[in-house]
Amino acid sequence: MIAPRLDREAIAMRVARELPDGAYVNLGIGIPTLVSQFVPEGRTVVYQAENGVLNYGPLAQREEELDVDLINAGGQFLLPVPGMAFFDSAQAFAMIRGGHVDVAVLGALQVSQTGDLANWMLPERGIGNIGGAMDLAAGARRIIVAMEHTDPHGRPKVVRECTYPLTGRACVSLVVTDVAVLEVTPRGLLLKEVAPGWTTEAVQKITEPRLLLAPDLKEMEL
Amino acid sequence: MIAPRLDREAIAMRVARELPDGAYVNLGIGIPTLVSQFVPEGRTVVYQAENGVLNYGPLAQREEELDVDLINAGGQFLLPVPGMAFFDSAQAFAMIRGGHVDVAVLGALQVSQTGDLANWMLPERGIGNIGGAMDLAAGARRIIVAMEHTDPHGRPKVVRECTYPLTGRACVSLVVTDVAVLEVTPRGLLLKEVAPGWTTEAVQKITEPRLLLAPDLKEMEL
Amino acid sequence: MPLNKVVSSFAEAVADVPDGAVIMMDGFGGPGGMPQQLILALRTQGAKNLTIISNTAGLPGFGATGKEPAINHGILVESGQVRKVIASFPVSPSPSRPTAFELAYREGRAELELVPQGTLAERIRAGGAGIPAFYTPTGVGTSVARGKETRVFDGRGYVLEHALKADYAFLRALKADRLGNLVYRGTSRNFNAVMATAARITIAEVDEIVEPGELDPEAIVTPGIYVKRIVKR
Amino acid sequence: MPLNKVVSSFAEAVADVPDGAVIMMDGFGGPGGMPQQLILALRTQGAKNLTIISNTAGLPGFGATGKEPAINHGILVESGQVRKVIASFPVSPSPSRPTAFELAYREGRAELELVPQGTLAERIRAGGAGIPAFYTPTGVGTSVARGKETRVFDGRGYVLEHALKADYAFLRALKADRLGNLVYRGTSRNFNAVMATAARITIAEVDEIVEPGELDPEAIVTPGIYVKRIVKR
């Protein structure tokens, strides 16, 4: 029962399998940024970043490649790739708000059983960064949360009601954590997959709301 | 007293003198399109057309110059000039609505004593074209009307209240006609200039509202 | 699979347009900017009861050079496929030469929603940008504000206008890459670039299809995210 | 006189900024897109009680390469010239390294209006486009909607947001012609192009000034109508 949790790469790997061929995808900071390297062979995913770039590819690695005019919304340096397009912030968010981004993968501090998302502020700090998170939460067609199942203090991050300031209400469709895959349904959170070695009881134990069990519940495939 | 009225070119010439150096100007169809050829020597005026072009210059004249992708809002063919910029209709009207166009010169069917403008529909037709007129009326910083003083039936076009469908309320600043120059003021219409050979009485006779006389009333200079 | 939005024929590009569809298409005037081949294909395809959102309702001759026939959505009105037009410049400037739309409108065969041109552009932009409604100063105190909410901000009156969306947008662009990135030519960009954003299925008729990387990434006007299908003239 | 918007120095470009001015400036992150020389000149000029509208409130190091110092509007906060910031990303991602703004905010020396990034961009666009207010789905049911009008369209809730305008916009662009037409470079375009439209006086800091006609008219991002002053770095 004390099976290991998945690492951040494994969470990203599982999320990557959710991205359909041809999807336009926005990746938030944290675990979501790792997703792009795990997109299955043969699938094309087009990345949008809210600072105004579409169809970006690999990150720049070497010092001499770094270009201050070529970054994504997380401040990571990009390499130029054929087919890239640049636009301004108003256009970037028109895309997002207008429902043109198929999937946004976001980190979270808390997700509620109704799909509420809290990911922009730790209340104890008293000030925080909203950035593009609220627009993505409101605008992307599908929101996937990628996060650890519990916080650094071991408290559940999947909660009945978010106690942290909200990013958006009822916006999350799927939650991929280091121990499970949960789908937000009208009846509640549906446990669809558990990490290798994890039982449904073990997952429930570190989850605040009561989980529904999927009839075809299975082990997470990576 | 039966002095001749000014022709369309002369009206345009008088309007041209109202355009300040460096102004961004939108010219409506009809007499306004003639204005650009009379801008005084040494003054630069930049033209905007609401179909998405800034800084256009002379019209194309020769058959081989005509380019269907290079027209102004009146459907006139343009010549390419250095410094031109193209943009879409949303941007073109953002410029207009946002107050970035300094002067719009528009034709009119009627102008009221409070500066109401009617220029898009003859009621007897029952259907009409609004085009960009309402946006220009609402958005340009200054609206100058260029028109004949009376309609084809000899009826005043400067009226107490517009009886034709309105384009905008209280939007006109200056009216230049074939017999006079009128300024719209909070107290009413101020007769500032009369055409050569015209008396204030003669102008009043073909004008519906009572005109105020400018202390420095003078003959129109062209 | 590498992304490829190229469709091999105009007929194929418009094959799924159902009766009752709402279609946006440019039409500032003449041939520039008009998706002529898509319009012809739609006439052949035959979908009926269409709503067309466009600057005009089809103006023969406007902006034409005589070098080529000026095909526009007026032919869809003539063929009886159009039930409603949302436009700012729906009729001929000269009453003595009524267009097909004006005749259909007078005979009650077609409806009209008349919208100021800038409001039309902004409503389309709003539709593409997830803005359901906005306030504009345009049309306050005129017939276009009739029945609409008005509101004062900072002492000035404004009208509430709602977003426009469509099932299809038919675009005319100069070049596309197979990812759907588009550039236009001159003033033909006008309504095309904003309509591209506001339809469920955006189809671009282009002169040339190039490989990704051949269009300057700084000069792309319509990023491929907005475009579903591309057809070469 | 031929139009010429070129100003000979940064000091001259910012000389008339009064105390209490509202200034927009880019600031997605590091040096890309930041009008660094205009910011330095404004520090020297010394105008106080400024309101800065920007994505951040100055984040040291974000997006920097180490090749050049990453000057941003944080230096105006440090110099005590800023009274208020309207931003979406006002503080450091890591609480253990508070920025000058966070310290000023905690000590009550600076105010903050926190705005979601897309709402910030759209409010600025609205300011430039003559739209006083619009409805957006962003932030419904969260703290940013508190005290604001909400409204349901087609079964979904939206918040009413108001336009933002400024006295000045400080831009960073790649090239200008002397008419004020601008092009940017890569992702540095972000807030620059929209801020260009929403200020009474827009000033562009550019790498290069070229003759009219040298910029591709199809690729001009900011048409000159929006730009009052140009200064070369």
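To keep things simple, chains are lettered A, B, C and D as they appear, and every chain counts its residues starting from 1.
Here is the rule we go by: a residue touches a chain if its C-beta (ideal position, glycine included) is under 8 Å from a C-beta of that chain, and two chains touch if they have at least 3 such contacts.
Being a predicted model, the structure only gives us computed values, none of them experimental.
*Asks:* So which chains are sitting against chain B and chain D at once?
*Replies:* C
*Asks:* When contacts are scored as defined above, which chain pair ends up with more C-beta pairs, A-D or A-C?
*Replies:* Of A-D and A-C, it is A-D that has more C-beta pairs in contact.
*Asks:* Go ahead and note the Å separation of the Cα centroids belonging to chain A and chain D.
*Replies:* 29
*Asks:* Between chain A and chain C, what is the gap in Å from one C-alpha centre to the other?
*Replies:* The mean C-alpha positions of chain A and chain C differ by 36 Å.
*Asks:* For chain C and chain D, what's the span in angstrom between their mean Cα positions?
*Replies:* 33
*Asks:* Between chain A and chain B, what's the gap in Å when you average each chain's C-alpha atoms?
*Replies:* So the centre of chain A lies 56 Å away from the centre of chain B.
*Asks:* Can you list the residues of chain A that touch 2 or more other chains?
*Replies:* As it turns out, chain A has residues touching two or more other chains at 86-87, 93-94, 96-97, 138-139.
*Asks:* Residues of chain D touching 2+ other chains?
*Replies:* 122, 125, 129-131, 136-137, 184-186, 217-218, 221
*Asks:* Okay, what are all the chain pairs that touch?
*Replies:* Here the touching pairs of chains are A-C, A-D, B-C, B-D, C-D.
*Asks:* Where on chain C is chain A touching in the complex?
*Replies:* Residues 1-3, 125, 127-131, 177, 179, 181, 197-198, 211-214, 217-218, 220, 223-226 of chain C touch chain A in their complex.
*Asks:* Can you check the complex and tell me which residues of chain B touch chain D?
*Replies:* Contacts found on chain B: 21-22, 24, 42-44, 46, 48, 54-55, 80-87, 91, 93-101, 138-139.
*Asks:* Any idea which chain C residues touch chain D in the complex?
*Replies:* Chain C reaches chain D through residues 122, 126, 129-137, 153-154, 156, 158, 162, 183-186, 216-219, 221.
*Asks:* Enumerate the contact residues on chain D facing chain A in the complex.
*Replies:* For this pair, the touching residues of chain D are 28-33, 55, 62-67, 88-91, 93, 95, 102, 105-106, 112, 114-122, 124-125, 136-144, 184-194, 221.
*Asks:* Give every residue of chain B touching chain C within the complex, in rising order.
*Replies:* 29, 49-53, 63, 66-73, 75, 77-78, 86-90, 92-94, 96-97, 116, 122, 125-135, 137-139, 165-169
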